[in-house]
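Chain nomenclature is as follows: A, B, C and D, assigned in order of appearance, with residue numbering initiated at 1 for each chain independently.
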Amino acid sequence: MELARILARHPGFRLTAAISDKWAGRVLGEVLPLSGPAAAVRCEGQASATSSFAGVDVVFLCTPPEVSIALAAPAIAAGVRVVDLSGGFRLAAGAYPRWYGFTHPNPELLAKAVYVMPEATENRSALRTAALVSNPGCYPTASALALLPLLKADIIEPAGLIVDAKSGTTGAGRKGTEDFSFSELEGDFRAYRVLKHQHTPEIERVLQMAGVAGVAGVAGVDGSPVTFTAHLLPTRRGILATAYGRLRPGRSAADAAAAVRAFVESRPFLRAAAPDAVRLQAVVGTNRAVLGADADPDRAVAIGFCAIDNLVKGAAGQAVQNANLMFGWDEASGLDGLSGHMP
Amino acid sequence: MELARILARHPGFRLTAAISDKWAGRVLGEVLPLSGPAAAVRCEGQASATSSFAGVDVVFLCTPPEVSIALAAPAIAAGVRVVDLSGGFRLAAGAYPRWYGFTHPNPELLAKAVYVMPEATENRSALRTAALVSNPGCYPTASALALLPLLKADIIEPAGLIVDAKSGTTGAGRKGTEDFSFSELEGDFRAYRVLKHQHTPEIERVLQMAGVAGVAGVAGVDGSPVTFTAHLLPTRRGILATAYGRLRPGRSAADAAAAVRAFVESRPFLRAAAPDAVRLQAVVGTNRAVLGADADPDRAVAIGFCAIDNLVKGAAGQAVQNANLMFGWDEASGLDGLSGHMP
Amino acid sequence: MELARILARHPGFRLTAAISDKWAGRVLGEVLPLSGPAAAVRCEGQASATSSFAGVDVVFLCTPPEVSIALAAPAIAAGVRVVDLSGGFRLAAGAYPRWYGFTHPNPELLAKAVYVMPEATENRSALRTAALVSNPGCYPTASALALLPLLKADIIEPAGLIVDAKSGTTGAGRKGTEDFSFSELEGDFRAYRVLKHQHTPEIERVLQMAGVAGVAGVAGVDGSPVTFTAHLLPTRRGILATAYGRLRPGRSAADAAAAVRAFVESRPFLRAAAPDAVRLQAVVGTNRAVLGADADPDRAVAIGFCAIDNLVKGAAGQAVQNANLMFGWDEASGLDGLSGHMP
Amino acid sequence: MELARILARHPGFRLTAAISDKWAGRVLGEVLPLSGPAAAVRCEGQASATSSFAGVDVVFLCTPPEVSIALAAPAIAAGVRVVDLSGGFRLAAGAYPRWYGFTHPNPELLAKAVYVMPEATENRSALRTAALVSNPGCYPTASALALLPLLKADIIEPAGLIVDAKSGTTGAGRKGTEDFSFSELEGDFRAYRVLKHQHTPEIERVLQMAGVAGVAGVAGVDGSPVTFTAHLLPTRRGILATAYGRLRPGRSAADAAAAVRAFVESRPFLRAAAPDAVRLQAVVGTNRAVLGADADPDRAVAIGFCAIDNLVKGAAGQAVQNANLMFGWDEASGLDGLSGHMP
């Protein structure tokens, strides 16, 4: 839904087809608050997906991993480039049984997928020719951006990393279960999928792709092991990641803050802020990430903060950013007008 | 206010006087939803505080630290025992300039204060004769209870401890500032007082008082250094502390869970739960703490969780629990009927 | 769940059996934050309901209307008195097809049911001998209490009455549907079941049972027709009813306020307040109703306000109040200690 | 703030100056999530307001009524057209003492002000030459749009009109008072300014300007008297108005729904929906109003519903809509891309 909102106003893309079993037969303008030509696009059921690919340049898959894996191959065969927003192409094949609960059915295709987080992984040029782009998850985006300024500037060691993350309820998708009912969640707060969340190895992979020197010999972990905990906030949108690392000797709070300022300088969607100004209201509705950091030499720790909108920078916005780069456009095309709600 | 709610129904205490500049001249039943004799108690201004002490057995100070420090001495001189809910008597004198921003004006009285967290510090018998009891802060209560099962059972090392805590807005008291307005906080989430929160050294002190072997030679820290981060939840009540420690070799997730079960067994206000069931809705309105733990040997980390109601177990409830012990009553007297809201 | 909370602390009742298909085999203390003997009561499935009636004095039915109608007869046959919290026995038989969507299967039993709203209907003495008590709905309670002070004191005409009511989400029960998910309801507000809500004829019936002179000749309406609109608030608990009536000539705002003060005087659970102090925070967690009124002679209108907790005064609390009267006890027995949350 | 968000992306207007005592000396991009040239505009204090008018075509006053009244005259004298978002120019001079608490200091200027609600008042052509435009209030917009489809189609009588309205907290502006603190408002709901709200006569004036035949002889009321009640929702944005009128004989629910459909047809920002789909989530972030209606011939009542975003259609969005018409542009210019949050 958020992706349709962005594409409907994008200067380069034209939304010409939409696939949804739930809304099959209805036009997008009936079910979403859209204006313009996109509002007249009529949804088709998934059964018509393959025929919908005809004449299309790029398809965005906002489907469960298994469905994305099944749809990507026929799309590519039809000459359509694919941006997948699911977890279906984000990890090495060997990680799927443990973290996603299934054996990846198409490891050949998985090997060809290009995973890009434009501000973190150092492979954005691969997007120009990629047939299949795997778009990052919401928690990995916030977690990597909280840690990377401190890791790249050698403020913290690449070991013993901890990310304590908190997300609004829309991270779970549109579900009709008692666990996600208003009466359960309003006024509540708790962790979930503790030490089992599938975004854990994805964060570790992003750090590795960002060139962070890893720690050898940790079972099942490539690069630097990260302990990750997800919590459910009683609000709809936004993620705050609070990340902890061991401060290297001689490093200070000023060094940590300077590392953040240097990191955001050349990355147009990032902003630096004081740690207590890294807040959800600063990012909701936008493709921005707001970053901050501090350090306590007495306790030998540094803390990095990152706030994003889980549905924009954590999903649809970053997917459009990646797609902009696939087609050679400015990465902010169609995204800089998302100025969000005022606080 | 919460304290008045509890005392109004307590079988042992009789609420006979209330001091409040804001409500001077009004009876409690006008300003609070109380029933019974307590509702007829008329508030007096702070200027009448000393005369209000006459004939009273115990006074609870729910005042800023400076006011508590000023009122405790005349109360004790008048033969009244004192339970102070502020931070005025919680740390060693030397810690006040850095963490509270003032030099403690009465270090002799501070030295006599008895700080007790009944489930953690091993000095509850000192309450029977104490003239001045310093009641623990909300974050230190949740933080210590998240860590202690793992520390006491040697699941984690007493070093590199991290507590990432999240509190409802009532932790900040009743304030009329734009920062705490509904329009600012609804839908928002952020950290505050990062690496400067005055509850940091209090957590470290509780661990020391609980008999946790410390780490030598950390500047300004007695015992085990703890990194503490407070965040502001968009809800009114409740604290969740998520605490991280380095797993000792050979320890497992099952060991962590067993340590929690053992710890809660002899402590009537504590409950063990699965990590994702340690939630605010399980404790709001009650004097309970719900605890959980898990561990990941691959990443050499254990996580402890603790949920409390910041206004009950984190303030008024624990103060009554301490007062029960001061007078030789069952520690749950007047507290076990606080069955809270249903989820 | 709320009923169990109240009964677990009631001085007269002893909770000895609980029936729940969802929790069959588990003790109440596992699923609800209860203390004391009630926590040890083990739930049985509905199939065992009839055998559970043995030796019981009174059963509270918190079941859908059809289930209540089916269970009430065997309970009464077993010599157990029944308090039904559903809508199964609240209207005349002829009203069921239109408002509840079914033909009442047991009109003989329905004719014997005693419907009592203790502060409104003038039949509380009938409770002493009643075998089957029909407990009022949440909206009818708030709506009748908003209107009756003005109607009984002849401030407004018994015609053209309008009740605009707003309820927290727990009014809908524990449901796992997308409509009631947090992501749908947070930040939202809307009306529902417009002009079709089954509480409409119940409000009209209460006014008639309260002795309000009706208006003749309105099709399908006994007594004074009431237009009722229910709205869904983005919070969990509480109802505010705002009720409008045509001001009689010569009546003033002072008359309206005086009518409320007079009405609450002899009714221990009611409180009078200024119109803008009739708020959810004043009642949540308690069996109280807070009432207020104002009038504008220029526009010939009076407004009555009533706030209640939908789960307590609007359901479980009122059921215990009725049961207290059935057994000849003080109507506040077990209910006055529910002092609620502090604001 | 919302106005700056809209103007920053408007194809016709260029934001060149901003006046704010609070932010004097800072650029807008520091304090608001803006992109583009508007982000570089530096705020000046109010003392510099008059000099800021040089070279400006139109100024939007988002100031308290007294300040707007003081600033409008020098702006007009400097040849700048004015759109005032306050209540300073909305009523006849005689209404100010009662409803705004002051005598209007500039009745000559007030007489020249042009009040336009584009979908309601029938004077939009006056905007082309107006020097001073008075922009409607948030509640009057929602209230008039709830009532007018029913009044214009003769579904209800122009008498005995009642509007029960509910607004998010941003309607009160950015305030730092205890009444508007999160801890007071979260989970709460109540009415405020009962029968004293200054938007009451403005609603009555809009109906009169819309050509609704009035009722003679009501003291202090021109046209049709309206009873208006405002309530405070525990959310930030959005207004829902629920409006009641007496159904004319022979009119049906189908007539009411048809009247809404006919009314929205030629008004691009309006949408018709079923009554329970007129909800805040459908309008927040946009300049839209969603309308619905229903009727109950048995009870001789019709109900109209309208949802708007109080900060957009209820303030900044409608101001830009009016300004578009002042300059001869499409009324949706710069407003149709505000597609809002997805539900």
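Please note the rule applied: a residue touches a chain if its C-beta (ideal position, glycine included) is under 8 Å from a C-beta of that chain, and two chains touch if they have at least 3 such contacts.
In this text the structure is predicted, and so the values were computed from the model without any measurement.
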- Quick one: which chains contact subunit A and subunit D both? B, C
- Task: In contact with subunit B and with subunit C at once: which chains are those? Just list them.
- Result: A, D
- Query: Which rotation angle, from 0 to 180°, best lines up the CA atoms of subunit A with subunit B, given as a multiple of 5?
  - Reply: 180
- Message: Taking the mean of the C-alpha atoms as each chain's centre, how many Å separate subunit C from subunit D?
- Response: 38
- State, to the nearest whole Å, the distance from the C-alpha centre of subunit B to the C-alpha centre of subunit D. 47
- Query: Mind pulling the subunit A residues that touch 2 or more other chains?
  - Reply: 184, 186-187, 234-237, 343
- Item | subunit A-facing residues of subunit D, complex | 1-2, 5, 8-9, 32-36, 187, 237, 282, 285-286, 288, 311, 336-337, 339-343
- Complex contact set, residues of subunit A against subunit C: 169-170, 172, 174-187, 234-236
- Query: Which residues of subunit A touch subunit B in the complex?
  - Reply: 160, 162, 164, 166, 184, 186-195, 218-221, 225-227, 229, 231, 233-238, 240, 242, 244, 246, 253, 275-281, 284, 294-296, 298-301, 303, 305, 307, 343
